[in-house]
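We just call them A, B, C, D and E in the order they show up, numbering each chain from 1.
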Amino acid sequence: MNRSRTRLLAIPYIIWIAGFTVIPLIFIIAKAMTDQGGAFTVGNLFAIFSPIHRKALIMSLSLAAVSTVICILIAYPAAIILRESHIKKKSIILFILILPMWMNFILRILAMQMLISNNGIINHILEVLSLPQIKIINTPQAIVLGMVYDYLPYMLLPVLNSILSIPQDVIEAAQDLGSDRLHVITHIILPLSLGGVGSGITMVFVPSMTEFVIANILGGGKILLLGNIIEQEFTVSMNWNLGSGLSVSLMAFVLITTLIFGRGNEERAGGFSL
Amino acid sequence: MKKSRVFGRIYIALLMIFLYAPIAVLVMLSFNDSRSRVVWGGFTLKWYVALFRSHAITEALWTTFTLAVLSSIIACALGLLGAIGIFSMRRKNYRLMLFFTNIPLVNADIVTGIALLLWFVRFLPLGFTSVLLAHVTFNIPYVILCILPKLRDMDMQQYEAALDLGASGTYAFIRILIPQILPGVLSGFLMALTLSMDDFVITYFTKGAGVNTLSTLIYGEIRKGIKPELYSLSTLLFLIVLILLILVNLPYDRLFSKNKLETR
Amino acid sequence: MAKELIRIDNISKSFDGMSVLKNLTLSIHENEFVTLLGPSGCGKTTTLRILSGLETPDEGRVIFDGEDITHLPPNRRQLNTVFQRYALFTHMSVAENIAFGLKIKGLSAQTIKEKITYSLKLVGLEGYEDRSPSSLSGGQQQRIAIARAIVNEPKVLLLDEPLGALDLKLRQGMQYELIRLKKELGITFVYITHDQEEALTMSDTVVVMNQGKIQQIGTPEDIYNEPQNAFVADFIGESNLIDGIMVHDRLVNIGGLDMPCVDEGFGENNPVDVVIRPEDVELDNSGAGQTQGTVRSIVFKGVHWEMHVESDTGITFLVQSTEHHPVGSRVGISVDPYNIQIMHKPSSEDARVFDQSEASAVPGENYEP
Amino acid sequence: MAKELIRIDNISKSFDGMSVLKNLTLSIHENEFVTLLGPSGCGKTTTLRILSGLETPDEGRVIFDGEDITHLPPNRRQLNTVFQRYALFTHMSVAENIAFGLKIKGLSAQTIKEKITYSLKLVGLEGYEDRSPSSLSGGQQQRIAIARAIVNEPKVLLLDEPLGALDLKLRQGMQYELIRLKKELGITFVYITHDQEEALTMSDTVVVMNQGKIQQIGTPEDIYNEPQNAFVADFIGESNLIDGIMVHDRLVNIGGLDMPCVDEGFGENNPVDVVIRPEDVELDNSGAGQTQGTVRSIVFKGVHWEMHVESDTGITFLVQSTEHHPVGSRVGISVDPYNIQIMHKPSSEDARVFDQSEASAVPGENYEP
Amino acid sequence: TGGSTASESAHETLTVFNYSEYLDPEMLELFTEETGIEIKYEEATTPEEIYTKYISGGIDYDLICTSDYMVKRLIDEGEAQPVDFSSMEYSSNIGQKFWDISKSVDPDNAYALPYFWGTLGLLYDTTKVKGDIDSWDVLFNGEYAQDIIMQDSMRDAFMIALKYLGYSINTTNENEIREAADLLMKQKKDVQAYLVDEVRDEIVAGNASIGVIYSGEAYLGNQYNSDLAYVIPKEGSELWIDEWVVTKKCKNMDAAEKFLDFLCREDVATANFEYIYYSTPNEAVVAAMDEELKENPAVVPTDESIANCEVCTQNDPATIELYNELWKELKAQ
């Protein structure tokens, strides 16, 4: 492939980025760098370090991180089990995993709330079985549950993809050299699927940092995430400058982290496709 | 060996329950005679009847679909070209492009939505077009994320073989490389479709008057209680997709292999 | 013979209802070099995989050192495999690849390092420790795969066409080296190749397979000189496979020409298969010989010339000779009675087997220059 | 000789500053079968890719039929390639793979269908039209790749180790078939192999390469019998490469033993390389011969036995003979003067080249049984 | 395809912006049928959303329905056009009481037409609560710890606290506000959840016993669970009023007036009332209601119950910023 010529194929996309990503971004940065009167300030950019915002940031980070880790922990065994299963058309699995996402997000979260609320369906079932009740709604755990539920497919897909594309003979070679199941997973499958995990982390961690609907519905509004604050600055307080400032600093934060942790990931073939 | 297989089945079953339990709740609600989602009022099919009578819902459904499909197609086309272009760039530009690609992913939806709103109003009356542009914008990163790994795995020797057999660069590209990355494009398309159908915030800020998607419709209804018609709509959608899924995954290799022979 | 180390006992295996191995029984002895030889798809790799535990037979047992290991997982078997397609760990360096099995065994870092150096030296790739497998050429990758298996000093080393990707010089070097390793380390080799010469050169025992069945087991000399059926004769080296009629003991009629031979017990006037190796057909210019013929083609093969010679009785012989006879020249043809190999006509099943293998090759005999 | 079809004119190529081809010049004539032969990494594939247009040389030109095609894109060249690793289109059926080039040419569906059938028959895979390439074994894939190239009836067919994955029987069949195709279709073949016998068997002209340089161009007989330097001698077939001193014309001293030869013009008492092919060393039991020796090892190779014989003068000869001499037995050794090949000691550059190729192989001579 | 560039310039068009689910869609069709004026109808859920979309200029809305303080803001910022309500045929259906209430945001009744109104109060489950509730005290005394649901709305939360402390909900006194905030902070541990729209469902489902809720929602809740009761605490509460204004961008005042007049018509107002059951300022509708409905304080709050209530007119930036800071502090706690 003639690289200098195929590079030109990106032109429409570059134009698109310029027109619909960069220019709006400039709007936001401009908002972030001015106060409500329109005077220049960097206060909004550093507002993220104020005690309340920092608290929310840490809360957001921890919930996003915990959700991401749980997603990985759920997705991994699932992918390995599916790999070892005898299902011929693995792509049907992908569809089945993505299918729940075709139901509206809010409806699904509301349904989740009905399941886990104190007087909810699960507790009714538990009651019938005379098992102890769960009290999870309106806690950070409920938010994590919601995030895991909503974002799990975004982790499952890339992880499954990269695990499915590991050549069987490499795994067999490891077994042959004395690896047991666990050793194969930790020393062969894990390192060879890091790329997929990378994609998964990007698609789970990053959006869950700015999530607020789940926090509102399942967290009972008692837990303040950065997403809530940004949303509130825009829609309630009408302080767009602060909202933009927080958003820009969050964006910088996330991009820097992904740059640091994402290094090398892009080199490995991290499959995120059927 | 056997034990681990049983364990595996149980695990997958639990996972499916986790993913589908809320869906089951929604399906159940679509047959609930009560308007309230927390009160069971007995079994009914009336919401399905009502669904087909509701102008607002059918219109929103149509908008949602056209929006999702169009934005996904455009995002896939742009993303495909973009991904190929990015892929052939040198390291530095490659990273730079990925950086910009990730921005809509990293931005809070509301920020993207308002930024686009502020930008659109300068040159474009809000309407279907503006929402479409917005959807394409937030869909593209996912499409590119899906395609890039496939490009990395691509077999360039096949491309060379095609050239060698007399194919022009473009022809070889379309006939050989595109099919290789098609699965990536396809999952990008699916992803885009899903995201587009689910988006509320960005749609809300960039849509014109009278344009409604299912999301904006549903969001507006949380306040007074979701119209049960929407549960039945979700159920129907789910069923349709499920049936499509089953159709697509029928052993059609066998079914269609005869036709293949004849066309040759 | 040494003690029996592995016993493959009446093993059958099918994939998707297609039978791949049929009642295979095979003994492998300590320190033996056993080669599985056969056309593509005959089940060599499958047999090896059953030995290594990567595949479970549908029927039959695998006995290792007196113990039934049919269902023992691969990581608990004292065998190591060199895979047909290398199967190197792409995310590890060469050294890490080689160290893989050693680390599992829990050897000390120092020992591992020494062993890596030693094994890389064995395969002629000193100094490649830190390279990534993907940066190596195919031949180099294969040698790393060999090093990775050898370094574990397994009781049995299974090799699936390990030298297929190497060029002749390198291949010969590696052949010697593998034999030396076998002797030095005292390990048993089960070796797969589709290169007949390689099989003959290296093996103590050659197992010729076709379509999931063992055709013949024997020493290289046995296999080459006394093939038990037409398939083996045809598959091992080149040969003239001619329809003949056994006139009586020690006399066979080929295309109307009576030729003395040394075989007995085929009855009288029975149709038989006659195998004559190309290098055993003697030509001379003098017009002498058992019959006369005309040279129809000649090809230079380095070590010898290869000719098709059509006898006046209408039979085309493939002949290898260090002497050059130009196309069209008249030659005398003779064959030493000891070099005429008589075989029973194959039973119907064998015939099918043989026909099939014929069909996929484009037979050289049909070639007209 | 036929008219010159391709001229590779003083071509050089480097990758990442590493020189891969150095001032390569080569003529290929119409209907000629040219084989590029050389060790792994010597630049064979690169040369082929320059011919097919997939690579552009840094310097020099490629002339095709009198026209400079150095910068013509591959799809506009009348050459087709069979790739080293098949490069089949994995998302197409076998038939679609073969039809690929034909469809581009815009042939009718009927013609295409016939050609597919014909070419599949040629490679012995009738009925495989609808199979997916990934469901085929390596050998079958390679044959599809051949069919896909041949079906376009190119003026020149470029083949990069097309038979590497096939077993001997199949390989021989395909060798004959390729030669037949060449004759029938009147196409010129440029063929890459690392199998010396294959090169000798099939080619009109053999080009021996090493480290991006041509070592020798000639007919198979030339190359085999009169290698121009030690590298060629060693690489083509097995050989005894011995240090000698040219006493005077027609007499060379090898390890203290004067042996008559037929070479002249090497001066007097000059150190020379002496090459003797293993099959040219004659052994006898009678104690006669130019010198005596002891058999140190013997390996069965099918067609012949291969022995290491250590002469009393201390030189170990590699000997191939159809006669069996047990290890330890005393034999007489003699070589026909015509079979002694004298060569100049290599210039320092050549020496380096040679040493390198030696280093990667594990030399057979060191092998002690 | 934007609102103002409607190609059918022959047709008259109105772009109308309203809260979601706040108008019977059949009435829109009826209006078009009667007048030939096309309606482009757009919905939003909060006053701020409405303001944001309007002020961004993407769509030229002709008519906006929003809440008291936001109405005030629009008027104060000169975004509203005066309307001659007196000339409208049915405007007299709106009770004088509501014109008076409206004066708190539109002193001359020149811009805003009352549409729905209501109060903020407590919805509780009579089977789970001891005795009758009549004070905000139940939210703060810890008796119903983890059994109360607060509105997840900054303004509403502060209003409750301010009212409970006896201050005006429109106070700009920082000390009063901080005092209210302290109260809310202390309360947080007892709050099961801060919810917006799901409060009703949560109480209906029995997940909590007491919830802060808008009067109209209380009526709906009662429909599903007859054990529920609604009360406007004696300390007083917020009296909210949603009103229509014609924006300055409206070029067809005639059509806009027709639409407003249409909304005041008894049959239309009845349809809209029966669509959501929020309190209507349309006295003709109230007069025609069943007795049962008329006597439900959630549908028609009594004059005594709203005696202590105030309309929110708070638009002071400094106060809003203070609210905002304190609210975040509360939520982050």
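The rule is simple: a residue touches a chain if its C-beta (ideal position, glycine included) is under 8 Å from a C-beta of that chain, and two chains touch if they have at least 3 such contacts.
In this text, all values refer to a predicted model and were calculated from it rather than measured experimentally.
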| item | value |
| --- | --- |
| Chain E reached from chain B - shortest hop count over touching chains | 1 |
| Steps needed, at fewest, to go from chain A to chain E via touching chains | 1 |
| Greatest separation from chain C - chain, by CA centre | E |
| Leading chain pair when contacts are tallied as C-beta pairs | A-B |
| Between chain D and chain E, centroid-to-centroid distance (C-alpha), Å | 91 |
| Centroid spacing, where centroids are CA-atom means, of chain A and chain D in whole angstrom | 57 |
| Gap in Å, rounded to a whole number, between the CA centres of chain B and chain A | 17 |
| Per-residue overlap in chain E, given as positions that touch at least 2 other chains | 49, 52, 196, 198, 202, 205 |
| Shared interface positions of chain D, touching two or more other chains | none |
| Junction residues of chain A, two or more chains touched | 110, 234-235 |
| Contact pairs between chains, per stated definition | A-B, A-C, A-E, B-D, B-E, C-D |
| Contacting residues of chain A [partner chain E, same complex] | 36, 52-53, 55-56, 59, 110, 113, 117-120, 137-138, 216-217, 220-224, 228-229, 232-239 |
| List of chain B residues in touch with chain E within their complex | 34, 36-39, 55-56, 114, 117-118, 120-121, 124-130, 204-206, 208-212, 216, 219-225 |
| Touching residues (chain side chain C, partner chain D) in the complex | 39-41, 124, 137-139, 164-170, 172-174, 176-177, 179-180, 194-197, 200-201, 220-221, 224, 234-238, 277, 279, 299-304, 306, 320, 322, 357, 359-364, 367 |
| Chain A contact footprint on chain E (complex, rising order) | 46, 48-49, 51-52, 150, 152-154, 188, 191-196, 198, 202, 205-207, 317, 320-321, 323-325, 327-329, 331-332 |
| Residues of chain C defined as touching chain A within the complex | 52-54, 73-75, 79-81, 83, 85, 87-92, 100-101, 104-105, 148-149, 152 |
